[in-house]
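Just below sit the structures, each encoded as structure tokens.
Same chain, two partners: chain A is paired with chain B first, then with chain C.
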Partner chain A sequence: MEIAGNDAHVMTAREAGLVGCRRCARVWPLGTQVCGRCGNRMTSRDTRSLQRVWAWWLAGLMAYVPANLYPMLRTRTLVSSQEDTIVGGAVELAHHGSYGIALVIIVASVVIPLSKFMAIAYLAISLQRGLKASPHQRLGVYEIVEYIGRWSMIDVFVVAVLSSLVQLSGVATITPGPASLTFALSVIFTMLSAQAFDSRMFWDAQAEDRNQSKEQTT
Partner chain B sequence: MTSSPRQTDLSALIACPQCDALYTVAPPEPGQRATCARCHTVLIAPRRKAGLNIIALALTMLILSVGAAVFPFLRISVAGLSNNASILDAMLAFSGPQLILLSLATAALILFIPIARAMLIVYVLGPIVADRRPFPGAARAFRLAEALKPWSMAEIFALGCAVSLIKVGDLANITFGPAFWMFAILVVVVVVQDNFMCRWSVWKSLETTPTS
Partner chain C sequence: MSDTPPEVPIQTSRKSLWERASIVWLVPLAALAIALGVAWQSYSNQGPLIEILFENASGIHADETELRYRDVTVGVVEEVGFSEALEKVRVSVRLSKAVAEYVDADAAFWVVQPEVSARGVSGLDTVLSGVYIEGFWDGEPGGLVYRFDGQEQAPLQQVGQTGLLIELRSSAGTALSAASPIVFRGIEVGRLGKARLSEDGTTAIAPAVIYAPHDKLITTATRFWDTSGFTFSLGANGAELDFSSIASLISGGVTFETVVSGGESVTPGTVFEVFESEASARSSVFNVSDGQKLDITVVFEDNVAGLSTGAPVELGGVRIGEVVNLTGLIDEERFGDNRVRLLTTLSILPSRLGLQGAAGVDDALAFLSDRVSDGLRARLTTASILTGGLKIELIDVGEPGEAEMGLAAVPFPRMPSAPGEISDAAATAEGVFQRINDLPIEELMTSAIGFLDNASILISDGELRRIPGEVARLIGDARGLVGSDEVQAVPGQIGAVLTDLQAASADLAALTAQLENQDAVTRLLEAVDAAGAAAATANTAMAGLPPLITRLESLGAKVESLALESFVEDASALVREATVLISNDSLAAVPEALAGALEEIDTAVASYNAEGGTARLLAAVDAATVAAGEVDTAFEGMPGLIEELDLLAAEIRNLPMEGLIAEATELADAGTQLLGSDSMQALPGALSEALVELDAALAEFNAGQGATRLLQAVDAAATAAGDVSASVAGVPDLVDKIDAVAESARDLPLQELVRNLDTLVTSANAVVATEGAQALPATLNDALAEVEAVLSDLRQGGTVENVNRTLASAEQAAGAIAQASLDLPAIVDRVSAVLNQANSTLSSLDDNSELNREARAALRELARAADAIQSLARTIERRPNSIILGR
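On to the complex of A and B.
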């Protein structure tokens, strides 16, 4: 809280004719291409970031469909052999009474990925259309997406642990199904999609509004 | 905030990486945090003796991850049959032509990327703590360590283990091996180390001591 400045008149680096490095926060004169401190490539606003966001988003969605259709786990025991999709596996767990674990799986593998697709689409559309959303709200959504997204990987790790552990020849074996690959890809693609955002653009719409209202009053 | 930043020394300014707000740097006391007034991103958060602590924790992480990878992790036994699994086995669980990619990705996410980050951080901070010149390529090394941060998923793997335990817990007897406890400590160390890390201070010290 030691840094000077107040919420009403925040000057951005771009307004000051500077460009800030997103990796190390150092500022340079506008037009500098590469940060002299950390070597990161810099742009004042990455206007092509939304294209990358949409490309990764689409790739993630395409990988997410087979991830739900194909089996995630193949369980073979003495008496039976069974293939479980993500949702099927969770339903199975709920039948056995492990509601907590079923809930974790459903949240990590269905609720989080789906809400992530929607949240990223909302952010990208609101930037493209210039919707008047509060930047605080948009940054909040963005930070949640960035923070939570990684946790979807949990289901892939569960498959990895189970199939290395449950290798009791004859009695029970668990092997991973093809959905584990597409699900992992889907998580990785959506993480890349969220990382592609230039979050500074969330605040520009607000700044433009303020400038316009200033011009009208003077 | 100055009226004409052009004339001032640019190294005395800081731009918020999330929202581009511009501030003049007023480094806070150790233990305090300077946050962006607009989006509340933490900009500077120095800690006393942070460098030494981070290096110590990074070395701890290295030892723990090697141990966690090699020793047996979980042991399953049912009806007289038993099987030990180490983290290496978990990585290699995805066998077969398509799933080999997934094996590599899992190996990277739960072990190699955390290990690589720890080594990069020691490489970057070692000379700084010793008041020497940074090693060549220190800036690039720290940039890589930062870029790899979201891809280091040890803590997610730990939760994944907990979920799998409960999943098979009622079908078979599961016992923890030494690697399980190493991994549990490792997850805590990762979080503590991240708490000590002030990115801005690291970049600042990389800048003031000339690289060559």
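On to the complex of A and C.
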């Protein structure tokens, strides 16, 4: 066994003739169809996972467009009614001097989703094209994406809290705009996209690299 | 023939795209479909964009300001811009698709803003929500138009209202302010629009609407007039102040009235004149409806102020026209002088002349010419005395044929005039002042002043002033006359006369006395009679004594029944009183008075012996004797009284204290009864029951454990019972001794002793009757019952230890009872001893007070002993368990 280093070879379950259950992490001999412990169907490599990744990714991106175009919040006070998109609201907050909150909104609603899209796309493309990259790096990126994805929901959460709290009929009312729904969908889709990854495929690239290097040496 | 078939190269065909595709691809496809659907729907639902041009865009904001129809939002402003060359503000409104086809060329748009006017506040909701654009169009689709000119204010005929649209034209002096109400009998039935100037600039024309169903009120005979502000007219009909309402006073208003019936209905757009006042409106009916007017001129010789244009022209009291013009006229050629004459132009309404048929101007002129020939003249008369207003009256005052209508006169035919009949108030007042002026007031004043001067001179005259001084002197003289000696001497002379008279009367009195002295015998006889009466009176006085004695007797009897002490005191007091009565001065004086009377009789007899009346004297002596005898008998009753009193005293002395003794006996009996009471008698029974219980307890619980204690307890209880019975046995002795004491005491004669004995009896009674003493047997009974209960409890429940403890307790209780019982006989013995002592003391007691004191001390001791028993009894009563616990 080799210790997992940056460029060091990591022994995969497949190489050991085993297949791991993705639900309960039990390993079985290669070829086992159903996990004897939890009943999960098992494949050594989910070849169609990248398709699912791309499908969810596309859906998330489609939902992200109206999330930024349509108003997120509808604020109706006694005097006026106002509709704010995500970016517009952040800009207005910045105008009023609340740079911190504006920054949080920009990061949570724009930077993180966009970087998530890019990270997932990079991972998927790199797998498909067989680009040379350290599997450890990829796994790190993947884990970051998966961990950070849920925090994008903070915007939706704020909108939900505000619209349920500020319901002073006639005086001031806050209702969620259509963007809140599409933004929530976008976040959900990207999270599903990240989850659809079969992270074991990162290690196959490593195996291919080694095979290639073996062939070159021999 | 066993060729193996050649290896067939098997190519694994690629799976089709369909097979390889993940089902998750449906998600982005669905998202795409939804997005496309939403986009298409929003596009297809989007209404047309229309443009409305306004003068300004106050309060209109893009994406906020709404377009409303009947207060329903049917569009939103999308853009606010300018038209070409910045002429107007162009507002682009995204119209709702539902109403788009109705917004045709007739549609009107205006901005609704908050408005505060005299008629109220409107559009208040826009204060907070901002202005909005209101649109108005009819319900018939007429093809969408994309450009509109916005109106400055709401159209007259609002949404949902129907009515008659007319135009009102104002002559000079009336203001047609926009949105003013049209009021009919106080009800707002219509509204004025914004007025515009007519083309020639002479009049203002305002559109107006009369809402249904009031539009039926409008006919060709309807006249409008201005009610804005107020009118104050001081005309031929007097003063008039007129305004319709405060609102119309401020903001103006128009009202109307159909003055003459028979008008025809009007078509929309008909122009009506708005008159200045109701009066002009009403009179204008003639102007229009009666067609042409006949104008004639009249020249009045008298140039009097008061006539004005519009003044009525009357014929026989009926108004047939009015004065339309007034000018001065100087025509030296015609009139021969330079005086200014009054040239008036009258406008006569031919229809008012009462001519048959459709009278024209010519008919009217012919009619008037005929009448003038008959003597009809125009004359100025007073229409109102107050204001001095004048009117023109056509009246037959001239001679027929005297004058003719000047038909050839230019510009109008001329009618001859007659001197006016002006009853001017000013002239009348002037006349009054003239008459006042004519009065000889100054002369009157002069006369008055002269009179006053004369009066003043008279008053300040010296002669008049001297009169009071002379009166004073006259009075002084009169006083001197009165104070003169002659007058003063008059009373003295009168006094002398009276003295003489007194002397004369004294003489008369002396004479009378002398005459009186001569009647001595009759006076003597009267004296004898008086003596007899006196004797009789004394007699009756003596007769009053026996009842007194009987009263004393009854008193003695009463005293007998009284209590000892008070009785003796009463008796002695009675004796003293009787003594006092007997030794009374008046009673003692009775014989002396009698003797005096007899002496007087003697002297009377001696003095008047010879003068007859012997029989009367004898009778008088007899009467005196009888009186003396009765006095004697009265005195004989006195010793009897004394004897009675003696007897009474003896009885008092011998009085037995039977009542007292009886009381003492009763008390003693009560004590006996107490001691012999059920509780006391039940005491041994209870004790024996307790013993029975103990026996039973003993029988049940063997003697092996605590038998000796039980025996001891029984012994103690027995001794207690013996002691109790002994003490009970001692009680009769006590009673006997008390009896003896009572017997001894019965013989005691002294009041003090009796009182002491009383105290003794009371103390004894207190002892015997005290709650403690009475409760003692009961308490003992209770204690025994408790013992019994304890024993029975123990018998039923118990362990040996309990029995032992109980026996120990019972022993202690019995000991305590024995102790208590031992104490009781001792007390009883002590009481007995005390009683013995008291008995012996009392038996040896006599009147000596020292012995009495001893007896009292003994009794006090006895009382203390009784108190001791009492306190013991109370203690036992309060804490019955102390007997059992021995404490």
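Points worth noting:
Simple rule for what comes next: the second predicted complex is superposed on the first by the 201 of 218 C-alpha atoms of A that agree within 3 Å, B and C clash if a C-alpha of one lies under 4 Å from a C-alpha of the other, contacts with A are read in each partner's own complex, and residues count from 1 in each chain.
The definition used in the following text is that a contact is a pair of C-beta atoms (placed from the backbone, for glycine too) under 8 Å apart; a residue touches a chain by one contact, two chains touch by 3 or more.
All values reported here derive from a predicted model rather than from experimental measurement.
Set side by side, chain B and chain C differ in how many residues of chain A they touch, and the one touching more is B. With both structures placed on the common chain, the touch criterion links A:Ser81 to chain C but leaves chain B unconnected. Contacts of A:Leu165 after superposition on the shared chain: chain B is touched, whereas chain C is not.
Of the two partner chains, chain C is the only one touched by A:Arg52; chain B is not. Applying the stated contact rule after C-alpha superposition, one finds that A:Ala63 touches chain C and leaves chain B untouched. Contacts of A:Cys21 after superposition on the shared chain: chain B is touched, whereas chain C is not. On chain A, the surface touched by chain B in one complex and the surface touched by chain C in the other have no residue in common. Only residues 1-7, 10-29, 37-40, 93, 96, 98, 100-101, 104-105, 135-136, 139, 146, 150-151, 153-172, 176, 178, 180-181, 184, 188, 191, 195, 199-200, 202-203 of chain A touch chain B when the two sit together in their complex. On chain C, the positions that touch chain A within their shared complex are 20-22, 24-28, 31-32, 35, 64, 128, 130. In the complex of the two chains, the chain B residues touching chain A come out as 1, 5-6, 10-11, 13-28, 32-39, 43-44, 74, 76, 78-79, 81-83, 85, 89-94, 98-99, 101-102, 105-106, 109-110, 139-140, 142-143, 146, 150, 153, 156-157, 159-161, 163-164, 166-168, 170-172, 174, 199-200, 203, 206-207. If you check the complex, the residues on chain A that touch chain C are 48, 51-52, 55-56, 58-59, 62-63, 66, 78-81, 185, 189, 196.
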